[in-house]
Amino acid sequence: MQDFAQSFLLAGGLILEADPALVEIVLLSLQVTLSALLASALIGLPLGALLAVTRFPGRRALVVLTNALMGLPPVVVGLLVYMMLSNAGPLGVLRLLYTPTAMVIAQTILITPILIALTRQVINDLDQEYAETFRSLGVPAPTAIAALLWDGRFSLVTVLLAGFGRAVAEVGAVMIVGGNINHVTRVMTTAIALETSRGDLALALALGLILLTLALAVNALTSLINAPARMSGNVRRA
Amino acid sequence: MQDFAQSFLLAGGLILEADPALVEIVLLSLQVTLSALLASALIGLPLGALLAVTRFPGRRALVVLTNALMGLPPVVVGLLVYMMLSNAGPLGVLRLLYTPTAMVIAQTILITPILIALTRQVINDLDQEYAETFRSLGVPAPTAIAALLWDGRFSLVTVLLAGFGRAVAEVGAVMIVGGNINHVTRVMTTAIALETSRGDLALALALGLILLTLALAVNALTSLINAPARMSGNVRRA
Amino acid sequence: ADQFIVVQSTTSTQNSGLLDVILPEFTKKSGIEVRVVAVGTGQAIKNAANGDGDVLLVHAKPAEEKFVADGEGVKRFDVMYNDFVVVGPASDPAGIKGMTDAKAALAKIAEAGSPFASRGDDSGTHKKEQALWKLAGVDVKAAKDWYRETGSGMGATLNVAAGMDAYTLTDRATWLAFQNRGSLEIVTQGDDILFNQYGVILVNPAKHPNVKAEAGQAFIDWLIGAEGQSAIAAYKINGEQLFFPNATATN
Amino acid sequence: MSDVLETPASVTARSLRRSGRSPMPLRVEGLTLTLEGTLVLNDIDLALADDGVTAILGPNGAGKSLLLRCLHGLVTPTRGTILWHHEGRDHAPDLAIRKAQALVAQKPVLLRRSVLANLKFVAGLRRPRPSTDDLMQALREVRLEHLARQNARTLSGGEQQRLALARALLHDPRVLLLDEPSANLDPASTLLIETAIRAARAAGTKVLLITHDMAQARRLADDVVFLHKGRIVEHTSAAAFFDRPSSAEAEAYVKGDILL
Amino acid sequence: MSDVLETPASVTARSLRRSGRSPMPLRVEGLTLTLEGTLVLNDIDLALADDGVTAILGPNGAGKSLLLRCLHGLVTPTRGTILWHHEGRDHAPDLAIRKAQALVAQKPVLLRRSVLANLKFVAGLRRPRPSTDDLMQALREVRLEHLARQNARTLSGGEQQRLALARALLHDPRVLLLDEPSANLDPASTLLIETAIRAARAAGTKVLLITHDMAQARRLADDVVFLHKGRIVEHTSAAAFFDRPSSAEAEAYVKGDILL
């Protein structure tokens, strides 16, 4: 119990004094995660919508696969990317290992299936409504997908936030491909893991609280940006 | 590249010979994750639906909070649960630390916000359709929530699978509160982490493949159970 | 087994595979199951201090002694030792291959500015490394790019070193069991200063009433006794012995 | 294979059972509704007796549906008061009011369940709870008994509308709010609904009916509220309205001229 | 303040521009549709000329909407063939056919966007792409120009139906499929739609019209397909149908009797 109180005080103190080392780590966390989220969104939203909209042999299997890939363990993703990027690996020449770019790649791989699977579900629900009209109008698939993503954008925000949450909280993958190198690839989660293994649980928890504050800030921001738009785009009458 | 091939062979071999140590680990993974999923579903589905259906001051803030808690880092959850369950902690007398129960608790805490946030989104979309009818009929909130959860069950499957994926892939929390004790609390992800730190990347990856196979099996099973029901419950005409 | 104890230990004992081999022997004899929680040294000590374990088995002598002095542990016993080695890429950019003087080797690494992966996690190994830098007269705090703190365990740090062809300091046991070596090999070893002592402590039942003192003590007795010591000595990888038993109180 | 079957006598019977319930007159004052900057209901004053059929007429977009939803308490007006007298006191359209009323919306929303399950859901809200036999009887009254097990979402347009009516009647309402209830119905079903409305009226149920079918309004209405651009232009007896509407708008509307 | 405004002359004008396009007659043989074990369309044979207005009549649940959706290619029949003659060869109802046709569904689905954006979306599918001015003109024709910026989902029932019609006409279809297009319309809008239908017919557009409004069918139809329980009971000229229907079912239906 004493530990908890101590952690809260520590977290408050760290935030207040805006410790430059901490700021560096926080900014890198945000940069890596938001980059990965952007990349995943560009891939996952259209693919998810495509899976929702089209019917082809093997589609069911693909849906099951993406659903299953939501259970991709971060450590495994980390290992895969490590093997690709390591000097002995096929992409070793790029010398990306232990750089933030490698972390972005790993997180992108990690959360893209989540975005695909959840987008598919959201867009599928909307498509139940639109499909026949689109078919009647002869809307080509890319146009239909764009329209569904646009009209479903308010629901998709939650999907993106789920992806953000998974990426920002993730430690296994970025630890392996980033190496948790101080000043280079140390992010919030790897810092937390480090403090934990040092046995400084209070500091680890304090860092965790700061990470949560960060997530809270991002979510609140999204909610603020979203609110006026959602109101005027309200689907329900009155 | 050679590593990859080796991993696939290894994974295949391990599955084929049904190594008893491996079977034990796989079963524990499943047991812990499914227990956590069940507990989370019992909490998260009704709460998510409640957030979707009701309007009260502070609701928006709660929505932002649950969305943000999707970014709860597993290590932090692990630490929190550790501090509670440790002999020095308030619940130490229960002697749950380093048991599968502790792992279930940690995973439940980890994925409940995810279930709440995603359920809220899914049910919110359905409620846009039902809300006015329910209001006209004077349907009390619990009945409305039950009806929405039931009628939205096909969409909620994806939400549950997202929770399953997060739980089954998670290592930070179960490592701390389970301790990765051989024959007692060693699950797939902690085994993978162990092999990684031993530098046996091929074996780690092979275990990862097996974990994915497991997730795939669970997903395929869900899809099979779901398919006939979904067909006859099809909302779209014809 | 009808009874079990929890041993808080470090990853090196687990990663090397030692415990997997010797613990079943103890269990068979005593009927006591040993549950090992292998974490960072700091975390292991903290966990033990919380009473979340019956026995502490680590390799950070000053911290262990403080643990006993604080009343958290009953008594510390030497168990075994191995040694630290400096590993580095076969290309050996710092030119230290074959050196036996550890601090001189480190000085050359610093001079050449060759990449060095430090655990940076306050573990026993990290503390030893810091001491060596100090002896070598190198201020790593001021170091540029070449000095990389990984902030992770031995295995993870070895993975990093292998991935970026860096030198690093590791305990021999972890190294021998480690498989993802890439081009790494041992470049410096054999200096007395690289000695790595493991100790075992019973968590103080007076302070933590839940501690299974009897079973824990039985394990310690076995470990530092003849059977345990010979089991440790017998553990080999590729014919190489990893740990050298050196318990003094053979009772 | 054609056949004239069952005028909904049982609907009538059930409605008759309900006589003697407390009256539920309505008083509306200064009701104004602004949605996203558009004034859609403009200073509406209205008093309705607690019985008879009131037809709400007016061109598309006049505000008929929104008025009905305000009265039922589904939409909160920007200004003004709505008071239903109920069980001895005045109520804003609250839960008690909604429970004493039943609405058949212009686009009825049915649950994603079987036809029977849709009724079962509503039955679960009532005490005493109607038996499955009661529900099958209700389905028979709207001639849907053969579709009891079909998914309600797959019903044809007219079938959905009839199910919505059955659902509303199951509620045994004191006031029946009908928003174009026969828009998608075939002539026979339209007759059936009109018979049900007459039966309800006879049993003392107040009926508010929105319709674009002038002939239907003529057949059923006791009084007419004529709405145009969110205002009540006329509120008179049906006879007066159809014979000599006092406003130019109403006259043009009845004639089928375009109103702008 | 009532006013008679603009008979949709421009609708007519646009339709007239289209004369001279290739004819598109229809031949249906043995069309059968079974949904979840229920036979909803039963061995339908049908041949339609490439012009004129064909009314599809029949009680609720007869299968009218499903037939229309089969013809348009939205529902795949269990058995049987549907062949539209189009640009020199016979087509099953494929993409080319759908693009040459326009459907106003019984419950039109509008995008969750503004009224104008709904038309813009459809305009984006056409070459050459209609300008915003064209779209505003199309809105004027259905008297929705004042609601151009409103969210289409908040339109009143009748407004939605008119928007759906505008959307369909924008497609400049060779065949117009209308499923109860005036169900929620006020008398004036009903007239407007009927004028648009006449104009389309005059310009050589084939119209298939489902309606429950017998007077409307009488006014517009050249021939009548009478459906009952998934079967075509009668297919004759409108005059013959309304004067002396040959089947007992049709006779009962026209009279407003209940058909079972």
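As written, the chain order gives the labels A, B, C, D and E, with residue 1 at the start of each chain.
Heads up, the rule we're going with is that contacts are C-beta pairs under 8 Å (C-beta built on N, C-alpha and C of every residue); 3 or more make two chains touch, one makes a residue touch a chain.
This is a predicted model, so every value here is computed, not measured.
Undergrad: Touching both chain A and chain C, which chains are there?
TA: B
Undergrad: Please identify each chain that touches chain A as well as chain D.
TA: Where chain A and chain D share a partner, that partner set is B, E.
Undergrad: Please flag the chain sitting at the greatest distance from chain E, going by CA centroids.
TA: Result for the farthest chain: C.
Undergrad: Please tell me whether B-C or A-E has the greater number of C-beta pairs in contact.
TA: By number of C-beta pairs in contact, B-C is the larger.
Undergrad: Where the centres are mean C-alpha positions, what is the separation of chain C from chain E, in Å?
TA: Each chain reduced to its C-alpha mean, chain C and chain E end up 82 Å apart.
Undergrad: Between chain D and chain E, what is the gap in Å from one C-alpha centre to the other?
TA: Computed value for the inter-centroid distance: 28 Å.
Undergrad: In whole angstrom, what separates the CA-based centres of chain B and chain D?
TA: 47
Undergrad: Return the residues of chain C touching two or more other chains; collapse runs of consecutive numbers into ranges.
TA: 39, 47, 153, 156, 159, 162
Undergrad: Give me the residue numbers in chain E that touch at least two other chains, ranges are fine.
TA: If we look for residues of chain E contacting two or more partner chains, we find 35-36, 69, 74, 154.
Undergrad: Hunt down the residues of chain B that sit against at least two other chains at once, touch-wise.
TA: Those would be 89, 132, 196, 201, 232, 235, 237-238.
Undergrad: Please name which positions on chain C make contact with chain A in the complex.
TA: By the definition above, chain C touches chain A via 39-47, 117, 120-123, 148-153, 156, 159-160, 162-165, 182.
Undergrad: Taking the complex as given, what residues does chain A use to touch chain B?
TA: Listed in rising order, the residues of chain A that touch chain B are 1, 3-4, 60, 63-65, 67-76, 79-80, 82-83, 89-90, 114, 117-118, 120-122, 124-125, 128, 131-132, 155, 158-159, 161-162, 164-166, 168-172, 176, 188-189, 192-193, 196, 201, 204-205, 208-209, 211-212, 215-216, 218-220, 222-223, 227, 235-237.
Undergrad: Of all residues in chain E, which touch chain A in the complex?
TA: 69, 72-74, 95, 98-99, 102-103, 105, 108-109, 111-113, 121-122, 124-125, 151, 153-154, 171
Undergrad: Okay, in this complex, where on chain A does chain E touch?
TA: It comes out as residues 129-130, 132-133, 135-139, 143, 147, 151, 232-238.
Undergrad: Using the touch definition up top, name the residues of chain C that touch chain B in the complex.
TA: 6, 11, 14-15, 20, 35-39, 47, 49-52, 153-156, 158-159, 162, 177-181, 208, 210
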